[in-house]
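What follows is a set of notes on a single structure, which appears directly below.
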Amino acid sequence: GGGGGGGTEGPSAGAVESVRYLTSFNTFGRDAYAYVALEKGYFTEAGLNVDIKPGTGTVDAMKLLAGGRADFGIGDFTGTLITTAKEKLPVIAVGMVHQNSLAAIIALEEGGIRTPKDLEGKTIGDQPGSTVQVTFPVYAKAAGIDASKVKFVPGAPPALPQLLASGRVDAIGQFVVGRGLIEKAAQGKKAIVLPYGEVLPDLYGNALLTSNTMAREKPEVVKKFIAALFKGLEYSLANPEESGEILKKYQPTQNAEVAAAEIRAMAPYVAAQGQTIGVVSKAKVEANIKLLTESGAIPAGMTPEQVIDLSLTPQG
Amino acid sequence: MIKLSHVSHVFAGSQGEVHALDDITLEVRRNELVTLVGRSGCGKSTMLRMVAGLLRPSSGTVTVAGEPMGKPRQDVSFMFQRAALLPWRTVLDNVLLPVEILRLDRAAKRRRAHELLELVGLAGFEKRLPHELSGGMQQRASLCRSLIQDPLVLLMDEPFSALDALTREELSIELQRIRREQEMTVIFITHSIEEAVLLADRVAVLSPRPGRLRKIVDVDIPRPRTLGRNAYADRVAEVSAELHELLMPAPMASEGAA
Amino acid sequence: MIKLSHVSHVFAGSQGEVHALDDITLEVRRNELVTLVGRSGCGKSTMLRMVAGLLRPSSGTVTVAGEPMGKPRQDVSFMFQRAALLPWRTVLDNVLLPVEILRLDRAAKRRRAHELLELVGLAGFEKRLPHELSGGMQQRASLCRSLIQDPLVLLMDEPFSALDALTREELSIELQRIRREQEMTVIFITHSIEEAVLLADRVAVLSPRPGRLRKIVDVDIPRPRTLGRNAYADRVAEVSAELHELLMPAPMASEGAA
Amino acid sequence: MIARPRARLTRRLVDWGLPVLGLVALVALWWLATIVFSIEKFLVPAPDDVVEAFIGQAGFLMEQTWVTLLETVQGFAVAVVVGISTAMLIASSRLLEKMIYPLLLAVNAVPKIAIAPILVVWMGFGQFPKIVMVFLLCFFPIVISTATGLKSTPAELTDLVRSYDASRLQVFFKVRFPYALPQVMVGLKTAISLAVIGAVIAEFVGADAGLGYVIVQSGASADTPLAFAAMALLGIISIVLFYGLNALEKVILPWAEENR
Amino acid sequence: MIARPRARLTRRLVDWGLPVLGLVALVALWWLATIVFSIEKFLVPAPDDVVEAFIGQAGFLMEQTWVTLLETVQGFAVAVVVGISTAMLIASSRLLEKMIYPLLLAVNAVPKIAIAPILVVWMGFGQFPKIVMVFLLCFFPIVISTATGLKSTPAELTDLVRSYDASRLQVFFKVRFPYALPQVMVGLKTAISLAVIGAVIAEFVGADAGLGYVIVQSGASADTPLAFAAMALLGIISIVLFYGLNALEKVILPWAEENR
């Protein structure tokens, strides 16, 4: 295992706070920044002893946060909105990892899909309830295609690349950064990526989540954690190769080059030109809510305050 | 010592009831040996199981040493029609089973077990598993087991039926010797009239199913008794003939479910 | 009909080898009934299992009807020391088992089965399951099963040992009657000298383990024979005494693993 | 050992009343726990939430139940046939046993959840991979139990039929198999709940119907009460199938339930 | 039935040679299949790919194997203790049986993969939920087999000890339990592979170590050879544990392996 505990040898005064952190989904390059923060001692400097655990998706992360089994976690913002609207979990976003959604539909070039329009009449494999699937009506509307003409078939996340490569499905739901993985799985065939962000520029991607209790009772810890984590994120974007190696150090199953490629691909989505990493704008959150409300994914009347604590988010 | 009053038993089988025993009243005195004879299926084993406390009579009462039989007693030893050896225990350990259960003196009983095994011709087989023994050998091991606890009451269900004539005779003599040395009340089921006469103080004769007590025959022949030509041969023949006749009357073809 | 030449057998047990049979040479003629007597554990069952083709001798050869025994023959019927009834079959279906396996005429054999069951006193128990029968009744059902196929050769391992004296006598007489009516070669193990003399054309006497053929005694008493006082009582007594003596010499205490 | 007539009513009561009582107690305990520990609905919903979720989607859930049930029964049936045949092979010769067992073990040792996605890739999204998964899960206990049962025939019974020079098939069908039946039933009873689980696993990774799919769906939308309703239905399927086997056993094996 | 001295070598050969032969045949078949059908590496890698993946990460994989093995053995041990105790309760009275069985069934019927995430929420990311999951998976077969074994003591043997007025405990330990042991072993053998699977399921949803985690990791990154290497290791764990039980059985139950 990764030895997530990190260094406790840090010089910082006062009691060391132990917190548990969940990655978004497993430990791919896109989640390497937490390990970078750990490896670089950012957490230690902040007086935090962080235990990094691989996450298993937005809803699971929210449940684990709500149940007090973890203190911080990464979840897709759309998924967070939908889940919060439905179940009122005591979970709140305190920062934004991706200013723009990484959600994408990936197909193989040989399949003939080039534009969103080509998706009509095709089947898309994706995990039931995933961002890509849930947000698809919004995407379809924005892209001007008929969502009812696209068939989603359920597939387990680890099998999606194989399903695509073996031709069982025409496309799969993925994150933009998954291109490298898919091309590797498909034996070098070229992948076509249709990012949701191209037609939905307002849609947020992953958000940093914490429990209401944590946000209410230990705002200082939250702030220190946010700062340290996003410092790691910043470093990793600046040093993709080193970050890939760091990830591999903690997670030997990972491939450093693939991870580096993911980090590089992710960079534009994290901070657009000179923006501070992690910032959240109330207007954009409202826009996200509006998008989902219009497509019927969430009931009307949701407010940004229900999902995000703007007093804790990094200020840009 | 053992008293049965108006004991009856009815089995509920797959094809209706079987009336196995009917209104048996019998008293076995302290230190007496009563043999039980009767046609196959007349309820001998059933009766013995009741005295052992393994089966409750449908009606009537059984008392042993003045106490009504609710559950089995530790001073009553039962030797079954089948050897019933535990397949995972060696012969010696099978013999020592009651010692373990009744928490008797291990060392002394161990010696006694070897003696008994020697006596029945199983010396050298102590460490064998039951399936390596012949049928008769298994039965002999079972006999040793039933004797190891020095029981007050010994109930024996056709104990010698799997043994050859000579071993049988030898063991009969041995049983008489043991009874001379220590007090023991015995009920002994046999299908051999010869054996019944040889061993018994009294012979209880059961009628065919449903088993009723047909007659109790006193065997007033001095001990020790042996078979073959001896002074009491006439008396033995006489008793045997009487038993033969008592068992005779019911023609077999009339047997059937009650 | 049955020939054993220089047959020996050694069992490899958990505690070393047991020399069960040693150099047995014996011929059983067509339609003859040979009884096998010997002390418990001397290898009688082992010998019979070889004739049945259930066990290969360690050395020596066995032939039946001129053919060496490689595997069991369909015209040889075996009756075991234990009843070996199939617990899930009714008594009748147990009796009819060989009919099914040998694909004999069902309807006719069904009638025959009822006859046989009646004969052994099991009429009315046809539909019962084995565990509802007494030990003796099970053994009688087993006897019916071994007779249902009208075998050429019948091998019987202490078939009557669980039966009461009268049933036993009745069945002995019945066996003799059947043999008068149809040709049948029989080897019959018994531990009763009386029974051995009653049934046998010849009696083969085995010595204690390792079993050797001690002597073959001709029983030249006219048939049908019955026990009790009759014209040949003296001759019966004489043969019995001889057998008794033959079995005697080896003192039991000398028994032990080979 | 003795069944008296007047005991019959009590017996009937015990046979049906106690299991129901046990289940009611379980549900009550669950309810109590959710209240006492004030467990939240998204974690473990209270029974009333689950009932509500069920009533809200009764028709839909029944359809999904039917889908899962069908997959389960089909896969189980295949496993019974193949499993018993394999056990026959194993029991028929020590040589075959030594060769087949390790293969079986190897196949059984592969975690099925790990290969479930691969099955979808190979066999598509239809019923087939589900049936295969059910088969894979319940095959092994059936084989082990049956083989053990077949190998434990008492020597006296095999000797008996061998003495008729019965064919291997006859020995098998007249003695070994009936004798092994109680043992086979143990295997089937262990297997039947695994069968249900197999169907669920398969539905998790590539299905658009069935209770497993319902669980994935509702899990993904944090609709825990609906997930629990689906799990309860799975439980009911399992229990019904199990008691079905139990009833079958009572009918075909009256001779086996004799000692206690 | 008869073991001649000269047969001993052959026996040894058969005992070890055949299983190995069987496995070698399986691997050869697999290899052949990947070549003949030119199956792609990311779908089903050839044995050499897997070996390569294994060698590349041997140290790491051994560590993960150890983690999984530990969870498996711990959970299994708990299941053995609790399972046999439960079976004792069930076998001791018809009343308890009627009450406990449905509860067991209900618990067993819940698809474990569905509750694995809930276990993590309850019990966190440590070893505990893994051990619980292993326990949940292998508990049931142990109970069913043991209970069946305990209930099948021949009447003549129970009568024997009853005739000494033995205590219930004595009856149990002197007769019922030893008699049931072959049957218990069947349960344990069925359970041991489920135990491994339980560990994997638990590692799938909330672990950062263990072979199950390796499979998730490598599966998701389309590193199928590594996933297969992990599965092969799981298979080896299963087989080793199974043969361990087998060896144990030979030692403690020499009397049971008598008939064929």
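For clarity, chains are labelled A, B, C, D and E in written order, and residue numbers in each chain start from 1.
Criterion: a residue touches a chain if its C-beta (ideal position, glycine included) is under 8 Å from a C-beta of that chain, and two chains touch if they have at least 3 such contacts.
Note that the structure is a prediction, hence the values are computed from the model and not measured.
Identification of common neighbours of chain B and chain D yields C, E.
Think of each touching pair as a link: the shortest run of links from chain B to chain E has 1 of them. Highest C-beta contact pair count among chain pairs: D-E.
Greatest centre-to-centre distance from chain C is found for A, with centres as Cα means. Greatest centre-to-centre distance from chain B is found for A, with centres as Cα means.
Taking the mean of the C-alpha atoms as each chain's centre, chain A and chain C sit 85 Å apart. Once the centre of each chain is set as its mean CA position, chain A and chain E turn out to be 38 Å apart. Centres computed as Cα averages put chain C at a distance of 48 Å from chain D. Distance between chain A and chain D, defined via averaged C-alpha coordinates, is recorded as 39 Å. Taken residue by residue, chain A touches two or more other chains at 63, 67, 158-159, 162, 166, whereas all remaining positions touch fewer.
Residue positions of chain C with contacts to 2 or more other chains are 11, 14, 82, 129, 131.
Looking at chain E, one finds that residues 43, 117, 121-122, 155, 219, 254, 256, 258 touch two or more other chains. On the chain D side of its complex with chain C, the touching residues are 156-157, 159-166, 170, 174-175, 178-179, 181, 253-256, 258. On the chain E side of its complex with chain D, the touching residues are 14-15, 18-23, 26, 43-44, 91, 94-95, 98-103, 105-106, 108-115, 117-118, 121-122, 140-141, 144-145, 148, 151-155, 158, 182-183, 186, 189-190, 193, 196-197, 200-201, 204, 212, 215, 219, 227, 231, 234-239, 242, 256, 258-260. Residues of chain C touching chain B in their complex: 11, 13-15, 18, 37-41, 44-45, 81-82, 118, 120-125, 127-129, 132-137, 140, 158, 161-168, 170, 191-193, 244, 247-248, 252-253, 255-257.
Interface of chain D with chain A (complex): residues 40-43, 116-118, 120-121, 124-125, 204-208, 213, 216-217, 219-224. On chain C, the positions that touch chain D within their shared complex are 49, 52-54, 71-74, 76-78, 80, 82, 84, 86-88, 97-98, 100-102, 129, 131, 149.
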